[in-house]
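Structure below; questions to follow.
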Amino acid sequence: MPIPGAIYGLFSDPSSAERGMDALSRAGIRPDRIVVMSAEPFDEYSFSKMDEATPMPWLAAIGGIVGGTCGFLLARLTQEGYPFPLITGGMPLLAAWPTGIVTYELTMLGAVLTTVVTLLITTRLPNWKPKLYDPEVANGKILIGVLEPSDATRTEIEGRLLAAGAEQVKTTVGDVAS
Amino acid sequence: MERRDFLKISAVAGATAALEGCGNPDHQLIRFVPEEDLIPGIATWKPSICTLCPAGCGLLVRVMAGEAEVVRNGQLGLLKMGLAKKLEGNPAHPINQGKLCPRGQAGLQVTYHPDRIKGPLVRTGRRGSGQFREVGWDEATKQLVQKLSELKASKQEGGLAFVTAPLRGQRKTIIDTFVASFKGLTSIEFAFFDDSVIRAANAASFGHALPPTVDIGTSNYVISFGADFLGTWNSPVAQSLGFGHMRKGRPGQRGKFVQFEQRISQTGASADEWIPVEPGAEGMLALSLAHVIIAENKQLATAAGHAGSLIEGWSLGLPDYAPEKVAAQVGVKPETIARIAREAAAQDPAVALIGDAAVAHTNGLFNALAVNALSALLGSVGKPGGILFASGSSAKPPAASLQSWASEVSSGATAVDVLLLYNANPVFAAPAEWGVQRALEKVPFIASFGSFIDETSALADLILPDHSPLESWLEDTPVSGSAKTVVSVAPPAMNPLHNTRAMADVLLDAAHQLGGDFAKTLPWKTYEEAIQASFAALYKEKGSKTAKDADEFWKKAQEQGGWWSTEPSQVAAVISAGTAVKNSAPQFSGDSSQYPYHFLPFASQLLYDGSLAHLPWMQEVPDPLSTAMWGTWVEINPRTAEKLMIQQGDLVEVVSPNGKLRAPALVSPGIAPDVIAMPVGQGHQNFTRYATGRGANPISILAPANVEGTGSLAWAATRVKLSRVGRGKLILFGGSLSESSPELKHR
Amino acid sequence: MAHQWGMAIDLDRCNGCEACVVACHAENNISTVGEEQAALSRAKHWIRVERYYEGEFPDVRVKFTPVLCQQCDAAPCEPVCPTFASYHTSEGLNGQVYNRCIGTRYCANACPYVVRYFNFYNPIWEKPLQLQLNPDVSVREEGVMEKCTFCVQRIKAREIQAAAEKRELRDGEIQPACVQSCPTRAMVFGDLGDPESEVSRLARSSRATKLLGELGTRPKVNYLPRDSWHDSENA
Amino acid sequence: MTAKTPEQITNDLLRPLSGISARYVFWAALLAGIAVAALCAFLYQVYSGLGVSGLRSPVFWGFYITNFVFWIGLSHAGTLISAILRLANATWRRPVTRCAEVITVFALSIGATFPIIHLGRPWLAFFLFPYPSERGLWPNIRSPLLWDFFAINTYLISSVTFLLLPMVPDFALVRDRAAGWKKKIYSALALGWTGTPKQWHRLETAMHIMAIAVIPVAVSVHSIVSWDFAMAPVPMWHSTIFAPYFVAGAIFSGIAALILAMALLRKLLHLEEYLLPIHFENLGKLLLVMSLLWFYFVFAERLTTWYGNEPSEMAVFWVTQHGSYAPLFWAMVSCNFLIPFPLLAIKKLRTITGTAIASFTVVIGMWLERFLIIVPSLSHKYLPYRWGTYRPTWVEITITAGTFCTMVLLYMIFSKIVPVISVWELKAGRHEEPHALRLARQPDQVEAD
């Protein structure tokens, strides 16, 4: 994915970033066109209130169930029949409690792995391709911008961002690297 | 099922693979054409005879094909041959009836011992330096014959001496005949644990100069005075079989077994009642028991017959031996003596036996005669459940004493030009005071037939290694263990591994080369022929119901491992009048104030008299009581240990008037506080990689006291003192002495 | 019904002679470890004769108990093995498959009888002592646990022989090496599944006890403790 | 909590990543040398046989399993503590979590090697893997060692992800400030993180789920380690108290290790302004609670044994209390209770130095505890004839020392690669206060955390 054209402002504090966000919303920019980046989570600010809904806990639960099932089957099938039954002179091969332990451990493993996979997929990580980013974010700046703005709105956006308190407003065009 | 078979196959394959790793130089060896027809994996069982102690048990040898690295005609190569894999008791043999003791089991390792002498050796270095050169048999025999013919030419008296272990059968005949032709002594027989005192006592009491065959199995009451009859004494496997039968072989009837001794032996450990007795007071104790029996009219004094009449005061009812009078000297409570006497008198049959340390005091002969009289009084002599006498061989003449021979030679009174050695290691097994080593050093030429370099054969000029017993023709006429007449015979169970020859064959060969009378006196070309001749004579004497001629008789004997009578043998006693003997107190070497403890050597259950110390199995199997492995120990009572501030495993120095030694201490509740015990067997200075330099030899510090009335060593007649010198090395297999945790006392 | 091999040891007969120990070494290719290793308590004796002293001089008694693998029916060593090296055979033996053993030594810890022995080093037989090895029994390498097998090679050989001869096994026909050598006939081996066998008879006797039976391991070795002598018994 | 700007925080926390001092190289080389010696000792053991260790009959488990239990116990420092603190939303946790999680990952990795080091035939360790093999056999599910296999692997995977996920934003930080080859490496490690709200939300949700999952896993891991012992009928092992006793001990030693690590990091990386006395104070209180809990477990275990008076258990009981293991036993009680208790209970002594000293003794004491659980019981099993003893050899001592050195070395290397304090979490902590205020003001506008 080439770097999209974008116009964004860098804010040095969350309150001005929040104002910048509000300004963009008021300008009628569609929320899915707005891009926000920060070096730390700002859960309590409105510019972070996007993309909060996720089925991750449910997926983790399903992953746990799948893992547990695998564990149970592993414990059960391997002991009972593959590839021919082991001679144990009538001694029990399969016991409920140990099977429970394996089932339990694999349940947890399933849940953890599903969580990680869900995280990576939903956040599209890892992704080393060039993309919209500004290293100033690492210095604590909060990036708020608009993807593929129409030429008509450019100046308005820039103005609104600056008015909200953006220290700097930058534009990217096509495939200019950050 | 299939699975297990598969595992077994892979197990065998694994074993083979382990032995023949890649790059093994074995693969570069040439392969000889097998000398025998063998089916791999199929075991055959061949009879043999155990030669490791005088009991003479019959063996079955499991022989299987295997590949051995051997030298044939000077060429090293691999030979597929029958190899002995396991020794079992011969179930048909009347002595051991299919059973075998631990020492007998380990006989296998004699054959395969890595330090066995692989061919004739001629000394090259200084005497005793251990430097030898390998030679061929022709050269070795030539050297022997040359020395002997020089000796024969000199017509000198006593110029040849032959020191052997006690032998029986044709080997003895050959050696005695051979030696006699040199106008020398008869052979000198020597073993540390010999039975001559008991033989002398039995000859006097019962007219049989033999060790007793004790029918423990059908006895109801067994009183043993010091005899370790389940461990090493006399015929231990036969006695153990009897012991098992006495205990649990007769439903509803269980005999009692009482042991009197100073230290709990392996036998004492199995006793129903173990009672400590003062050292050397066994005879007095036996007579005290007899006194009670007579005094309480349980038996008439005359019931003891001749055996009783040999004891002074017997006919009067032994008034001097009332329990109250002797209790202090004997160390047993009068009521205990009386109780045991009553119990024994009430049980029929009841038997008394004596052995080991009890006859190795200066008054050992008296002790033995007293116990014999007690047995006779109990009415069990010559009866089932009592003392029987086998007739395997005629009573043997007393052998020349090694002690007097050694002192004569070392003092120069007797000149010996040639000394032959066979199966005896007197440098190790005789007290240092006897001066055996000094005597040997005076002998210009010594030839040994030994299979190993030991303290004695290291002094030899020529070594003519014998086969191992499993590679050799064997015959034996056991003198105890079965009431039947037993003549064992066995062809070699396997071919010789090394370039060895049977002692008897070498001797016969030498005799024929020497010529002269030997053609008549020793008419046999080989040992095999000699044995066959003895069986021909046996067939003539005894006849046979199953064999139609002497050849068949001979063949059948080889198949079953010998010939034995179907009924107990009946041999007339030859009783000669004897004078009554008085009680004699045991004499101990060493002043009791300076040397406060009695020193009690005892036969090791595994190493016996030290002749088995070279077998790794015997070193590593834990001793039954101490659980010690790979070493020796000095056993002391906890009270003594506390007094001397000695702890388990401390190195202690034991000092007798005749020497001193150092060994780790073992603190054991099973020993009298005034007794220090030590197993015989370790302390070899030169006896293969497994035994050399291990522990100390208690024989070396023994006083050269004799049992009165015999030439035997009174090996229990030494007193010692001891002190702690540092930390020792005591390797025990067993953890705790006691079954209940001593830590619990902390509560 | 499959055989259930078991043993009875009459302690009234046993005299602690150690014949069984040497017989076992010879039959089962148990290597000797030498002085240095023996001092580190690494000697291997699949059967050992335990000796306990009771009391103090002069009232001392000694007790011998031969202890070998008890071939428990509920063996603690079996479930703990992660690789099934220790497992239960259809004839009731606690099998030890050397090839599967990775040497966790867990079985030896779990065994209350301490009858499992570990090969801390590769076994050594100094030439030509290796010629004594029994070809029917595998040699165990370093890192492998080993233990008494009730001489399974003898059991199998007899079973195969009996099958070839189309007959049932006779009671007493199979003798492990220890039983065969025992000079007092203290040990009896046989099929506990056959109520008529000598070992079953002894196992049912009122004298029969199990070593550490209270642990619930259900051992198949029955001990008949030392009896005492009563005058009246013989009167 | 501090007046520092995000810029300052970033600078302070990323500073250790640049530049290596001579002192650092010296210590790293020394530690690496000992670690290599340990590796050589292990290879020597593989070559010669397990006989080079001091193990013997009946003490078939010794230093190696002691180390195994010890390191697995230590691994509870991190993930468990940080997960609990995360879920409890303890604000002061922020500078602590990563230090703790790193201990977990390294201690667990080191601990997990010991079951292999201790094998008689370590080259066959793959027999434990459940995979269809030519042997026609699966591993035995009933064996506690297999439970270990599953539990430790689950715990290791969880801990590693639990550690790595929050590191991604920090890698991104480093990426943006680095140049040259460093930039390339950190770019790869940052996975292309940009810091959109979506990424932050997903990361926080994932961390939340993982924190919930990892706590029971951690508890199960040390329970299963305890069951390695409790499943065997060995005197004083076969006990129901073992699982909670081990878990408590694990957390105890884990906290101690964490305090020690923090004290060292604070001093060596000059993090005095981030790792504050309050952290040591709080963790010290936690350690005090665990010390009391540990003592309670020991007391309960020994009292029950003493009253039960079962002979085989009493043999072990007395040999530890009065017998040959008594010096070690009382040293353990001192290290785990008698010394740390006053240091942690008296407020004046609960300083950074005080808690560090207490932690040091606890780490030693807990190692001794593992040893004393294993060896006296094995050396005093039911049949007194086979009672024995145990002495470690230089091989075991070297390997043990090597693992301690490896732990420190790994930590040193880690501190040069990754900020040991989670930068973004620390920053995020700064505005929790205003967030809470907002919560009070407009509760309906703020969603639940």
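Note that the chains are named A, B, C and D in the order they appear, and that numbering of residues resets to 1 at the start of each chain.
In this section, contacts are C-beta pairs under 8 Å (C-beta built on N, C-alpha and C of every residue); 3 or more make two chains touch, one makes a residue touch a chain.
Just so it is clear, the model here is predicted, and its values are computed rather than measured.
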Partner chains that subunit B and subunit C have in common: D
Selected pair, greater C-beta contact count between B-D and A-D: A-D
Whole-Å separation of chain centres (CA-atom averages), subunit A against subunit B: 89
Centroid distance [mean C-alpha coordinates] between subunit D and subunit B, Å: 65
Separation of mean Cα positions, subunit D and subunit A [Å, integer]: 29
Subunit B, residues touching no fewer than two other chains: 734, 736, 738-739
Residues within subunit C bordering two or more other chains: 41, 48, 50-52, 79, 84, 89-90, 141
Numbers and ranges of subunit A residues touching at least 2 other chains: 86-87, 95
For the subunit C and subunit D complex, residues of the former touching the latter: 37, 40-42, 48, 50-52, 67, 76, 79-84, 100-106, 108-110, 112-114, 117-122, 141-145, 212, 215, 217
Touching residues (chain side subunit D, partner subunit B) in the complex: 311, 314-315, 318-319, 321-323, 380, 384-388
Touch list for subunit D against partner subunit A, complex: 5-7, 10, 130, 132, 136-142, 146-147, 150-151, 153-154, 157-158, 161, 165, 168-169, 172-173, 175-177, 187-188, 191-206, 209-210, 213-214, 216-217, 220, 224, 423-424, 427-428, 431, 434-435, 438, 446-447, 449
Footprint of subunit C on subunit D - complex, ascending: 48-51, 54-58, 60-61, 115, 118-122, 124-125, 127-128, 135, 137, 139-140, 142-146, 149, 228, 231-234, 378, 381-386, 388-389
Subunit D contact footprint on subunit A (complex, rising order): 14, 35-44, 47-52, 54, 56-57, 60, 71, 74-75, 78-79, 82-84, 86, 93-95, 98-99, 101-102, 104-106, 108-109, 111-113, 115-116, 118-119, 122-123, 125-129, 131-133, 135, 137-140
